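In the two complexes that follow, chain A is the common piece, with chain B as its partner first and chain C second.
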Partner chain A sequence: MNRNEAATNQDIPTAEGTGTMLPPEILKIIDIKKHFQLKGGFLSRSKGILKAVDGVSLQIRKGDIFGLAGESGCGKTTLGYVAGGILPQTEGTIHFEGQPIDDRSGKLTVRDVQFIFQDISGALNPKWMIKDIIAEPLAIIGETAQVRREKTERFMKEVGLTLEYLDAYPHELSGGQRQRVSIARAMVTNPKLIVCDEPFSALDVSVQAQIISLLIKLKRQFDLTYLIISHDLALLQYICNVLAVMYLGEIVEEAVPAEKLFTNPLHPYSQGLLGSFLFADPNKQRIDAIEILAGEVPNPILPPQGCRFHPRCKHCRDICRKEKPVMREIDPGHRVACHFVQHDGS
Partner chain B sequence: MSLLSVKDLKTYFHVYMGTVKSVDGVSFDLERGKTLGIVGESGSGKTVSCLSLLKLIPMPPGEIVGGQAMMDGEDLLTLSEKEMRKVRGRKISMIFQEPMTALNPLYTVGDQIAETIRLHQKVNKREAFEKAVEMLDAVSIPAPKARAMSYPHQLSGGMKQRAMIALAMSCHPQILIADEPSTALDVTVQAQILLLIDEFKKKYGTSVILVTHNMGVITSSADDVMVMYVGKMVEKGNVYEIFNNPKHPYTQGLMDCILKSTGGKQILKTMPGFIPNPINKPQGCAFHPRCPHRKSICMNEEPPVVDFNEHKTACWLYA
Partner chain C sequence: MNHAATHLEDMKTTEAKTVKKRRESGVKVLFRNPLAILSFLYLTGTGLMAVFAPWVAPYDPNYMDIDARFTAPGLQHWLGTDHLGRDVLSRMIHGARTTMGVSVAVVILSAFVGTSLGLISGFFRRADEIIMRVTDLLMAFPPLVGALAVMAFLGPGVENIVLALFLVMVPRVARITRGETLVLREMTFIKAAQMMKAGTGRIIFRHILPNAMSPLVVYFTLLFAGTIMAEAGLSFLGIGSPPEVPSWGIVLSEGRYYMRNAWWLTVMPGLAIFIAVLSCNLLGDGIRDVGDPRQYGRARK
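Then we have the complex of A and B:
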């Protein structure tokens, strides 16, 4: 669905200010689609098209912590990869700091965008020493050995790793330390945007809290912008100032500040997701008392017609089966794609 | 009288580097029709405790060094392999984190459930298969007859976990051990699975041991909670007591670093340090290097278990 251009230029207050001077847009993607051709069987005939991301527009402003929530298979990781420039889009345009990235030698560079990946063991080359892993982006942009060493040591200290690990290999480190290494690696080139794909999901709770605090500290210190992809709503509520909820390749609801989406979720999917999420509080969240969203995410190769959420939606009516809802702004900064949400939020 | 009473369970692993005391003197009681949640970070021994009850520890390198697990007047830990087979699946069954690896990819789901039924009940093949279909229906799998003839890879993650529950519950065990049953699943499916376990618990009076590191899972489903830290119980009590009034410094630290749902902004505190190497555990209380209330005695002597009216904690602060 095509979110109209007018909406993207409106004054939306961010968590930092109340709309007087907005920070500049760092990343703007317009109507991005990413389709995968599925092949297999006799003579690699096409088995169908997987529309992982199907028409998403969003903008990330400088200093934002932009959260992307959704169930597995909704396309949030693919969107993160496309937005960060490591996966080419099928359709749509990406602007980085106001420039369409096709004009900037075709792609984003390691200087601008860095990634922190979910699979912390897989993201670090087991045959490389920590110092080489952290310095790799610097080597790519052609820094001298002297600069590489200085920056590696500096950022190891910034992320809370002692220098005794310089010559260690990834397997000698604990999960939390490995995640610190990938954060240091993402930081060395002073990027403007860091895409974090489920950065905490493989970690224990006490380590998770340490890594969250580290990311917040680094953001303040280096004026960073994050795109955080996660299914952990408690975490997104804690850390994000903008939140978008994805379902089957589309954004169904977006809110600035993110708190609006938590206090007043408008899309039935967001309501279901929030209702099913188990926040750690025994005083209000017993399993037999909460309202759980029924069903599972359908097969993305054959997404439902009309509103993609309609087979699971309890408010589903005829129009939902036929017509795709358009993204509308319900109140300033809060947009939703649903036929039935009114301006009073009903 | 509790259904299962575990006393001083010790399971060690003898490895090249030394001895890992994965479970080092854990005691708990499981009440009929209640859910006991076991929480702890990785390496705390929560899974090994459960596997020890079913004697599913690979031996060697593992060894159940000591302890007792009394159920129906017999000690599970002393049973022979042949006797143990009658316990597994009938008295106690277990569901695992990764349903794909727990189900056999070469047999249909219905056949696998029927196999368990035939092992423990005197029924013929056809009756067993019919019962399997009934079980799949009971776990709300749509079109159970067709699904019974499906192979595991044809089911989604949530469906596979439902099929695992059908398999585990097929002989109406008294105890269901659920080891991270919802970790690999999406939030909505996770809640659906936990609700399903809760319904079985209420319907058949099954007792559940729920092992997880996810506090949301514990708070939503457990009646009692045991918190573990490197092989030992640090605190145990009613779920409300543990969350509203944690006594052990480790539990308190854990509560500060989990994100609760609050309208206002919560301040996230972090615990210093990290989980110690299980081969070289600190002397005395294993938590003392990270503890803000450390005293000299904590570094030398193991803390006693102090009982505050069914809320137990192993800490020198209260001794």
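Then we have the complex of A and C:
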């Protein structure tokens, strides 16, 4: 699928006018909703519906490093699982390589999507040796023992683990090494999309840097596509070419290239997020000038009417309380859902 | 960067070497524990005696030498004779056949059935409702009372003891397995396997079962101990194995009338039961340490 076909779809505005051929879409999700029924106690009725993801559209192109940012509880992990075909969506459609996948989660295989988890130690079976852990996706798709061994050894080297670790158990490895094992396991089937759910947050800063360089190296080497879910804007700024900011189950701002969002955040929430975040350069920002986002994230079971961000927004006016803003493209590749952002970016 | 990379490489290789050195086989870990060795020796010794009872036992267990009634332990009769002049040692060696045989059968049966039921009910919600209600029903009786009731219904007999104790033990095994399964299925590596579209069989047998196994094996050793006690208890109460089939419980039971004059009639089988049960517990402790790969490196310290 080329850029023109994608651009004809009105649901998702694309980076118009860039004049270059865009790489093919790997994943396109259109107006995805994921609602959870909250069950009450014994014999009682449903307590309500948790709208974890409420009408999200996005597309990931081949070679993208798509960053999904947001506070805890905003639904970014749920969105990642739905996008990866693990959780069936409540509404909306998901296209993988241009073909819609049904609600059935069994349609995507390890050759299509793989996952990397935040829970580094928990993601590896403690009773298995490293070689079996890395080879598991290959075993699931029925590769022969020879192929499994060759690929396991190759990818262990690729992620920077020596072959002495083949017979090690996960508890004998450090946190960084365990994450390398997870990465090797995710890469071993050469998947088209890798969903990384907070892949760095459980690691030391120095190890984070190693893992990030590793992910970037592997992306170049194997032409991979990542969806990286994280709350750490500094990391996302460093690695992502597309960035989406999520708030209460909705995407409020999306920028291609990601740098646009950092130089010119349009949505008040993105501004708040960036403002509450310390840059390494003290000239860029002084600690006494930080504007902290006021208030708490509202209860997602009873989200606010109108713009979901309005109770915390300093620019809030009547229209924000009544009408839900739609995503608008403010400048090529930069979309935002806010009533007041003008094309000049004010 | 380059320097750092090579340094990192160095660190990795040295670390890897220590990984290799640290690794030991589980058997080695088990046998560094002296109590576990003793327990193992006692239980295998008893087991071998039971298997080869006709060749090992010095006398026929049912041969009555009326002239030699109540002989105290000595060279002729190592553990003395009972009120009918039967050799206590021979009776106990043959009794081990019944006692150990029943226990092994009960443990194997209830381990197999109970673990399967537990895995099914921990993994499939529908089945869980049914299986757990049945186990509730079976567990409503205290263990020995439940076994007594079944025995009363079936009548004495070795097969009936096995069946009665199986019915008592199986819900307990199922419960524990279910609990382990419920905990494990929420772990990230199970989710990871599900996300890799691993089949249910693969998840149950390759992921959940190996991780549930170490607490289960420990429980099986306790179960073995419990079954030895329960069999002895049933036989003692007179509704276990029939009198012509000696078992530790029978020997104990017959000796209780003469406790004041012939202490060996009760002390010897009592001691055998006591040490067997203790050995099971100690061996269970040893196995628990082996079942956990995290212990391989630590045990040396």
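Everything below uses one rule, namely that the second predicted complex is superposed on the first by the 314 of 346 C-alpha atoms of A that agree within 3 Å, B and C clash if a C-alpha of one lies under 4 Å from a C-alpha of the other, contacts with A are read in each partner's own complex, and residues count from 1 in each chain.
Here is the rule we use: a residue touches a chain if its C-beta (ideal position, glycine included) is under 8 Å from a C-beta of that chain, and two chains touch if they have at least 3 such contacts.
Note that the structure is predicted; figures quoted are calculated from it, not measured.
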{"item": "First, second, both or neither for A:L235, with chain B first and chain C second", "value": "first"}
{"item": "If touched residues of chain A are counted for chain B and for chain C, the larger one", "value": "B"}
{"item": "Chain B versus chain C as contact partner of A:V297, first or second or both or neither", "value": "first"}
{"item": "Touching partner for A:Y165 - first (chain B), second (chain C), both, neither", "value": "second"}
{"item": "Touched partner set for A:E329, first chain B, second chain C, both or neither", "value": "neither"}
{"item": "Chain B versus chain C as contact partner of A:E153, first or second or both or neither", "value": "neither"}
{"item": "Which of chain B and chain C A:V207 touches, first, second, both or neither", "value": "first"}
{"item": "Partner chain in contact with A:G272 - chain B first, chain C second, else both or neither", "value": "first"}
{"item": "Which of chain B and chain C A:D119 touches, first, second, both or neither", "value": "second"}
{"item": "Common interface positions of chain A, toward chain B and toward chain C", "value": "210"}
{"item": "Chain C - residues contacting chain A, complex", "value": "8-9, 12-13, 16-17, 19-20, 22-23, 187-189, 191-199, 202, 207, 210-211, 293-294, 297"}
{"item": "Residue numbers on chain B that touch chain A, as the complex places them", "value": "41-42, 156, 158-159, 186-192, 194-195, 198, 213-221, 239-240, 243-244, 253-254, 256-261, 263, 265-266, 268-271, 274-275"}
{"item": "Complex contact set, residues of chain A against chain C", "value": "84, 86, 106, 108-110, 114-115, 117, 119, 122-128, 136-137, 140, 160-162, 164-165, 167-169, 171-172, 210"}
{"item": "In the complex, chain A residues that touch chain B", "value": "71-72, 174-176, 204-210, 212-213, 231, 233-235, 237-238, 263, 272-273, 276-283, 285-288, 290, 292-297"}
